[in-house]
Amino acid sequence: MASLVTFGETMLRLSPPNGTRLETATELDFRSAGAESNVAIAASALGTSAVWLSKLPDSPLGRKVTRDVRSHGVDPHVTWSDDGRQGTYYLEFGAPPRQIDVIYDRADAAVTTATPDELAVERIRDAEVFFTSGITPALSETLCTTTRALLEEARATETTTAFDLNYRSKLWTAESARETYEELFDLVDLLFVPERDAREVLNIEGSAEMIGKQLRDRHEPATVVVTRGENGALAVDKTGVVEQPVYEAETVDPIGTGDAFVGGYLTRHLEGGSTASALAYGAATAALKRTVEGDHFVGTRSEVDAFVDDGTKDGISR
Amino acid sequence: MASLVTFGETMLRLSPPNGTRLETATELDFRSAGAESNVAIAASALGTSAVWLSKLPDSPLGRKVTRDVRSHGVDPHVTWSDDGRQGTYYLEFGAPPRQIDVIYDRADAAVTTATPDELAVERIRDAEVFFTSGITPALSETLCTTTRALLEEARATETTTAFDLNYRSKLWTAESARETYEELFDLVDLLFVPERDAREVLNIEGSAEMIGKQLRDRHEPATVVVTRGENGALAVDKTGVVEQPVYEAETVDPIGTGDAFVGGYLTRHLEGGSTASALAYGAATAALKRTVEGDHFVGTRSEVDAFVDDGTKDGISR
Amino acid sequence: MASLVTFGETMLRLSPPNGTRLETATELDFRSAGAESNVAIAASALGTSAVWLSKLPDSPLGRKVTRDVRSHGVDPHVTWSDDGRQGTYYLEFGAPPRQIDVIYDRADAAVTTATPDELAVERIRDAEVFFTSGITPALSETLCTTTRALLEEARATETTTAFDLNYRSKLWTAESARETYEELFDLVDLLFVPERDAREVLNIEGSAEMIGKQLRDRHEPATVVVTRGENGALAVDKTGVVEQPVYEAETVDPIGTGDAFVGGYLTRHLEGGSTASALAYGAATAALKRTVEGDHFVGTRSEVDAFVDDGTKDGISR
Amino acid sequence: MASLVTFGETMLRLSPPNGTRLETATELDFRSAGAESNVAIAASALGTSAVWLSKLPDSPLGRKVTRDVRSHGVDPHVTWSDDGRQGTYYLEFGAPPRQIDVIYDRADAAVTTATPDELAVERIRDAEVFFTSGITPALSETLCTTTRALLEEARATETTTAFDLNYRSKLWTAESARETYEELFDLVDLLFVPERDAREVLNIEGSAEMIGKQLRDRHEPATVVVTRGENGALAVDKTGVVEQPVYEAETVDPIGTGDAFVGGYLTRHLEGGSTASALAYGAATAALKRTVEGDHFVGTRSEVDAFVDDGTKDGISR
Amino acid sequence: MASLVTFGETMLRLSPPNGTRLETATELDFRSAGAESNVAIAASALGTSAVWLSKLPDSPLGRKVTRDVRSHGVDPHVTWSDDGRQGTYYLEFGAPPRQIDVIYDRADAAVTTATPDELAVERIRDAEVFFTSGITPALSETLCTTTRALLEEARATETTTAFDLNYRSKLWTAESARETYEELFDLVDLLFVPERDAREVLNIEGSAEMIGKQLRDRHEPATVVVTRGENGALAVDKTGVVEQPVYEAETVDPIGTGDAFVGGYLTRHLEGGSTASALAYGAATAALKRTVEGDHFVGTRSEVDAFVDDGTKDGISR
Amino acid sequence: MASLVTFGETMLRLSPPNGTRLETATELDFRSAGAESNVAIAASALGTSAVWLSKLPDSPLGRKVTRDVRSHGVDPHVTWSDDGRQGTYYLEFGAPPRQIDVIYDRADAAVTTATPDELAVERIRDAEVFFTSGITPALSETLCTTTRALLEEARATETTTAFDLNYRSKLWTAESARETYEELFDLVDLLFVPERDAREVLNIEGSAEMIGKQLRDRHEPATVVVTRGENGALAVDKTGVVEQPVYEAETVDPIGTGDAFVGGYLTRHLEGGSTASALAYGAATAALKRTVEGDHFVGTRSEVDAFVDDGTKDGISR
């Protein structure tokens, strides 16, 4: 029985070497990546039993994704499809003033037609926490319906529901997103919201703390976690506001940092840790993720434990 | 004024190292490739002024394709589109008993909506030869119509039309293909047909020579070239049957060999060479292509000249 | 409940590029490899539920091995150890007249101290087939005892025992090996013996068929499979002698071919296939393995099915 | 008709990976690079129709250079030579206190014998701007004469002349350079001078502004642009002094930054932009160049437009 | 006759690309590295005639090490052994908060059984300086005895003895190390001690200067050099205390920095330079080493001379 | 005292990956290579004490060459020069019908001005064998004179002289070469002549045996070795004709095969082996060289011994 079940799309990630632009590239790094499998992978690395649900084309590309997810210790429950593409994205690393550029090529992915009856919904029923992100309903009408259905299924069986807003401006407008999110929020027990998305998508004003409080007020009894990038994070739960500063880290690859945060948070939550402890584990897992290439947290529980205890380290261990 | 104008889709080609399967690959070679630009590239390398028409998404991916084509000396006339994908294909090299596997991811490519009025049709009017392949009409209804329209346009302006059957079983059924091809053939002056496709798609029986003769009879006064892989090629024109043995070559990458053949053939044709000479240049260009990685012929006219004159070479030039 | 459980050492495999010698190499390909996990991986790829038991150091190196095995769909049950090394081997590809050279650096590996009580022996009891190889008892006195104990445990619970002789001259002498093997053979239901080892280690003379018959006579009712490299394989069982010619394949990497053979054979055996069918699947899996880099079979059941049905293929699938 | 024509040497650039010294390197990155083609490439990327004139050996090395230049959209007009070498340079990246080291191997390059009558001078006559740099006359006596002749030719046909001082201490002494430059300056309409070269080669003292004014006074009515590295740039024209601060950028590869500046400046100049606008485009193009590997600006006009409007950006676009 | 002779283990160094963790790595950089050969290599690069003594397995791995050392101009005197492993270490680069992690796999290396009578001790007798480090006695009882014997041999022949404390917590406890070190110190003429080791291993308190003075007092007439990482270094000799600030450098690879320091120091010492001059050369050699990948200083005497004279440099030399 | 001293140019060798043409390459393999250092390297690997004399530019490129030669155990005696280039050559691997193409860029190399008085001629006097090749006098007038002077010097001190014809059509005409060679032959004790060069350069007709006999007759008492590529080799000495068949080998890189032959031959000659034995060692060393990338033989004496004894091997040693 898995503690954590996640559902969402996992794409292939194609990226040229840092410093090379896509249009002059001659070779690409080839990985897999997706918010919900990223979360499962981080949680699994910290000791959580994790399952990832998705739908993939029955092809070498779909198998590549599944192999990668499984290698991290997550148990993939994949619905194999003869129709639909394997979603991909091209990632071009930038250096200021060039932003990192993400070019999605994920239209008509197999997952966009996934319905609850073809997914291993029983795994959600048995789980302690079910997680999906705000990317999933953005992918298709069908997935919008499916996302709602899965959250309802979880609610019906007393599985905690967790949701990360994760707004993607390249997938839909802020208006469409807001409308969808507001319908889903009442099904969510644990809500992660990037501060910028709260402002730009949800149109909530004020300080981060005020954002968290407003969201908590609207969707009580949910716990609301506002993630603030380099400014750390804060949570508003029944005990009030808990703040968490960021852990400094050298950035090797920033993609997936937010997902690692969620994976670390959920692990401590599943272990019965306090909100403060969950935030600390989220922040530490996120910091360590930044030092590693790829979307995925790669490391051990003992590394995160030590980092939560001792803070930043430099130098050589020999 | 270009001697040769071609029209068709050019994809991105993603391939893991030889001996590695896609599902365990961690890096991919990243090139561009497409039958019609391949033909233009081979012809250009041999000295033909060549233009390639297509429609691509206005993105780094579309620019990558255009850069690659241009680097070979072909003049790309691209209609930039805000809609539609950049077609891609994954190429997994095999070794017997594993076949080389091509996995298309080209649905909804920008080119599939290309209509004559958005293409630089005036370049076709001015050209001596217009070339497209049997892949183009397989890509969409629109392209089927466009292919016919462009061939008609060429005919109307006394531009010679050339067409390579190039049946792709992963794109459509033999039945659909046959129906389409037979409608197009009457617009074609110079028809390239792989022997296997003649049998399996066109349902023509008999020896290669008999195939060529039957096609010539049906579509006179077209010249018909039957390509036979390791058995060489033969042409049937007004003078009768001309045979061309294969030039032996070590195969580094077989993809694009047929396109190099057409590029070599058309170059000699444009220079007023005999059918026999065109076949010899086609075969020599194809053989040299096999020794080079990627879809493209990379070499010089003098190399092909020398090869046509002297045949195969081994050893070290120093 | 796994159908197949295997036990043995999995090493890290370090190899320079083909054509480069170890002493001038500046980078190494980094994989994992071990006869028993190779067998489990091939069986898993063909659809068999497979578990691999081993003991590894609790280090990034041990985790690397576990990740790799898991990525292929095998369920690793690893005993983590604070003592003992991670076994490694250096692989230098050759080209005749240079042999491929294997340089073991596996002394004092964590697995060499593995005893039955620290392994997940209950998985063997529940399995249909238990497999280990003649490499395992060569690694230490302790493993010699453990090998015998695990085979006895399997026998006691009606789990079929399978054993591949796999003599390694760099690990022990033929005399020591023969003595150990002969003690173990009476615990084995399904014995795989390379023809050369039968001659050079077991000192059995005569044709391959005679070797198989003699071994079958001595260890009845075991089924004996004599593997003959480029000469195919043959089995002697209660129905008599069954021969299997080799499937031709281009060799990209020959390491692990024998293990793929066993994985293919066991899969058909578990499905209730005849000895002839098991031999055919073994041979086909082995042939496809030869075309792929690394110790592991990477492919699908449907590829092997098609190959068993149709034999060798060349060309391009598109 | 090209808006911009440039003339100069383009070399092959051979560089080991960052952090590796040439004397221990085992592989080299292989690109092409040259001040005048770099300028044309940047201008072309921003939408300027650009031609590059040069003389190269008729060899795979000369063809490599031509392909690279063409891939960026510049139209190369190359005089192919049977004599003379392909110029090359080795680039060893440094990290303070190690400077980046450039090792020229360009003696006797084919271009060093280029005379006006073998170059496509008619392209200069038709162009709006002709550009060359202070590197060209440093390469040979012949090129010193040719540089003067081409500038005179441009002057005679009302083509604007632009010149970047670009002193290279590894090619000639400051004394020789000064003498040559001073003879050429009266043929130049638009003069780019690095502040350091003004001091060390031209022996002009005072602030950057005073340098610009002195040069303007001496060579009126030329516009003088003083480039100041991390201190930005300033121009002195008939309207007075215009200052441009530097755009901050993370440096991936600093080589070619000055050339990108000129390419950006000339593009706005050709479009009729003000000196202030030309400086801003020069600075923005230079900043984006610094973030990309290789001598060449790779990017789009819209990226530069956005950067000029909004200034520096960080983060991820998705 | 070599000026400098060093003795110690040289390992193979296996490292994944920066940003990749060992457990997900698929290729490794493959170098050799060892404190005492590192010192000899740095000294040799600066012009010192240097010999390195060791014992290695007679295998491609041992030959790889010897080739690497020889390529830097050091003369290796290797005792070839049929027993014992080739020591290796895995190096995982980190980024704060992840430390650089060194994973030793050096147990039972051939060198651990090296006795004075199988080493080329006559080279020590003839040398001006003999150097070994505190790693050597940590490797085995035998090497502890051998280290003492070699130092005594050097003393007996008026060869100056130099020793770098170099405590490795992964090899032995601070207690064991302290006991051994204190026995050896009376045999040492020139003692290098990292400030941290002085505190944590030798239990000496106070400022760096006080540490140096105490050690000098205890082991007079030895010169004591306290290395302080980013805080520079100081020496205490008969003339008193000499301080050396650190030279700033961008860190590409910090491993081997301390060894480069010693190599630079010893070179000036051998040339009769003052302690201040030796410290400056040590610091400059160390700074340049940090800018280069691998354990080894790669550069020239003239580079170090220029750096000692002029201090830090940025920019491009062309 | 070295047994073998060689003199000649060593170049940098720049080659794109097999299957990639130079004009589309983006990275190059970077090695060093030269007939005379290749011979010294092969001889050194087989146990001969070898010195290589040359003149190189005092630059990172010259140091790269020296490091590479030294790493193979050869002692380089280099005259460092402030003038002259580092010779390079580009190597494009071919596949029939494309020949391997060598593009020299070696004009004005530092070595072309080497005179006897700046070389370590005393090393030749002390040696048992002095070797140079027919490439050396082709490089410059000065080297033509120097070659003769060094051979005379060797003769004067009873050092055996060995010379490999090694005609390079890209360096000079057959006529010039013949004239020079014929003047040098009377200074040669051991003459290696490729059969093809004997025919095409020396204009000698008849069978290989007849060629050998005619050369022996003309230049008695020299021993003449005619190398015949895939047809083996034969020698004519005072005892008559000795034939040596080729050892079959898979070709990974054919460059340097002839030099490895000479290195193997000279080693046995220096040991006092018979002509037949020297031929066998030459052929075996050459065969093993073909299996390794780069110009250099990399292997051990025991491998060559085993190969001479047992002939070709296939398979895996484990």
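Note that the chains take the letters A, B, C, D, E and F in the order they are written out, and that residue 1 is the start of every chain.
Following the convention adopted for this analysis, a residue touches a chain if its C-beta (ideal position, glycine included) is under 8 Å from a C-beta of that chain, and two chains touch if they have at least 3 such contacts.
These numbers come from a predicted model, not from an experiment.
The chains that touch subunit C as well as subunit D are A, B, E, F. Any chain bridging subunit B and subunit E, meaning touching each of them, is among A, C, D, F; the list is complete. Across the assembly, the mean Cα position most removed from that of subunit A is the one of F.
By number of C-beta pairs in contact, A-E leads when A-C and A-E are compared.
Residues touching across the subunit B-subunit F interface largely differ between the two copies, under half of the numbers being common to both. In whole angstrom, the spacing between the mean C-alpha positions of subunit D and subunit F is 44. A straight line joining the Cα centres of subunit A and subunit F is 62 Å long. Centroid to centroid, with C-alpha atoms defining each point, subunit D and subunit E lie 46 Å apart.
Rounded to whole angstrom, the centroid-to-centroid distance between subunit E and subunit F, based on C-alpha atoms, equals 40 Å.
Residues of subunit D found to touch two or more other chains are 21, 23-24, 26, 63, 67, 71, 101.
Of all possible chain pairings, those that touch are A-B, A-C, A-D, A-E, B-C, B-D, B-F, C-E, C-F, D-E, D-F, E-F. By the touch criterion given at the top, residues 14, 16, 21-31, 59-61, 63-64, 67, 85-86, 88, 90, 92, 101, 103, 105, 107-108 of subunit F touch subunit D in their complex.
Here subunit F touches subunit E in the complex through residues 63, 67-68, 70-73, 300, going by the rule given at the top.
Of all residues in subunit C, those touching subunit B in their complex are 71, 247-253, 287-288, 290-294, 298-299, 303, 307, 311-318.
Residues of subunit A touching subunit D in their complex: 17-21, 23-24, 94-102, 104, 168-170, 254-255.
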